[in-house]
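Going by the order they are written in, the chains are A, B, C and D; count residues from 1 in each one.
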């Protein structure tokens, strides 16, 4: 199963509200279970460079069926997945990409958020997913 | 001046309504005056390959400050802009990319639509822009 | 629903048999409904350049939910989709990419074949899909 | 001499069996002595992002005529090949890419495996090569 546009819009709306609540300007996107873009928004004044990062975070989460923050320790120098970012036309392996699962625990997509600190990005991404669950 | 996210969402909502009205499944996006993505949606079941095309149509319209359909005759074999699509990491030069101007006639962005015939794409793109004017 | 590896291997085996029967050396692949690679084989001595073409044919068929041969007339100079190949990191719009549907008519993937004339490519691709139906 | 498709299929079958035996879902591929793809399979439910990684591992092994795990220490910060991954449209320099040699010790190709821990990936790759020797 894939996430629907309606579900993606609901998730993005919740993420936007959290972004506003904590005073940040974000790029937020949702991809489906095939890592294809479903919906995207960029807050006025948000970093332009974060559009691609948000999309790559969401794709990365789907690509490896896990939140991007779980990859961060594994990609450090000397760690098992060092330089994995060179695959798949570029990965982003720091926090802000969070998987979206349906009621049966099946992966149906992921949200990617970028535009502030990685902690803020992660907070906004989680707020989006929480609104769906 | 750049288009705002709120304006982009208004335009996309109108385009979505037109797409539904004519029975099509579309990829719809809005880029700003810097050709950077502002908002994007893909209808459930729409062609996956049209996401990139919708975005490239909108970018192409901003890149050359004209609707993509004006480029179509100029890019034919023997015409002045033949093979221009090789620039800018890929252009799309058929209908479906339409510029968005403010009340003063200033370019503030563009809409790109892909997912059906180019006539349908153009119809949906124009419906989006009309809702803004 | 996505095609399974077992189904893809069955389809590729049938396509390989047809390729041998008509005396050709082919690159044959199957992608899933998200346009992601499931399985691939290259006959000994087949054109190296046809590996990428076979994969792009299969992806193109999924991207637009139609056999690539349907695109061929539409992408000619003066036709509506001229130069569409510049999207999606490269499309292939001549015969040899054929959609795969399940018993309910739902798209679950596509086969891509390249290595001979486009007629031969198409024949081999169709033989693969026929074995699945 | 190059690996044949028949040999590649034999190697992949053995690797698939090992992957199943240790309870993993893998992307497995074989490339020839020219670093060109010969065969590829993705287990149902395996990480989508590992397809490209498996292929890059196999290519990397052929590119430098050594198993990818031998590159890992050399690509760390301060080491001689730091950032080599930027070449060749992207390398993968952690375990899972293993060279394949014929009876005379001549390199005829490589296997690449990705989808689990790098230790599991390496185990499956070695099982594939062992079946050939």
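Convention: a residue touches a chain if its C-beta (ideal position, glycine included) is under 8 Å from a C-beta of that chain, and two chains touch if they have at least 3 such contacts.
Predicted model, so just to flag it, every value in this text is computed and none were measured.
Asker: Could you work out how far chain C has to rotate to sit on chain D, using CA atoms and steps of 5 degrees?
Answerer: That pair's rotation angle lands at 180 degrees.
Asker: Same or different for chain A and chain C, where same means more than half of the interface numbers show up on both copies?
Answerer: Answer same: the two copies use largely identical residue numbers here.
Asker: Chain C to chain D: how many Å between their CA centres?
Answerer: Result: the chain centres lie 25 Å from each other.
Asker: Let me have the rounded angstrom distance from the C-alpha centre of chain B over to the C-alpha centre of chain D, please.
Answerer: Centre separation, chain B to chain D: 42 Å.
Asker: Please compute the C-alpha centroid of chain A, do the same for chain C, then give the distance between them in whole Å.
Answerer: 32
Asker: Determine the centre-to-centre distance between chain B and chain C, using the mean Cα coordinates as centres, and give it in whole Å.
Answerer: 29
Asker: Return the residues of chain A touching two or more other chains; collapse runs of consecutive numbers into ranges.
Answerer: Each of 34-36 in chain A touches at least two other chains.
Asker: So how do the chains connect up here, line, ring, star, complete, or something else (other)?
Answerer: Graph shape, chains as nodes and touching pairs as edges: none of the named types, so other.
Asker: Going by the touch rule stated at the top, which chains touch which?
Answerer: Taking the chains two at a time, the touching pairs are A-B, A-C, A-D, B-C, C-D.
Asker: Can you list the chain C residues touching chain D in their complex?
Answerer: Residues in contact with chain D: 4-6, 9, 29, 34, 36-44, 48, 51.
Asker: Touching residues of chain A toward chain D in the complex: what are they?
Answerer: Where chain A meets chain D, its residues are 34-35, 59-60, 62-65, 77-78, 80-84, 86-88, 91.
Asker: What part of chain B is in contact with chain C in the complex they form?
Answerer: Against chain C, chain B makes touches at 47-50, 52-53, 56, 72, 75-77, 85-86, 90-95, 117-118.
Asker: Touching residues of chain C toward chain A in the complex: what are they?
Answerer: 32-36
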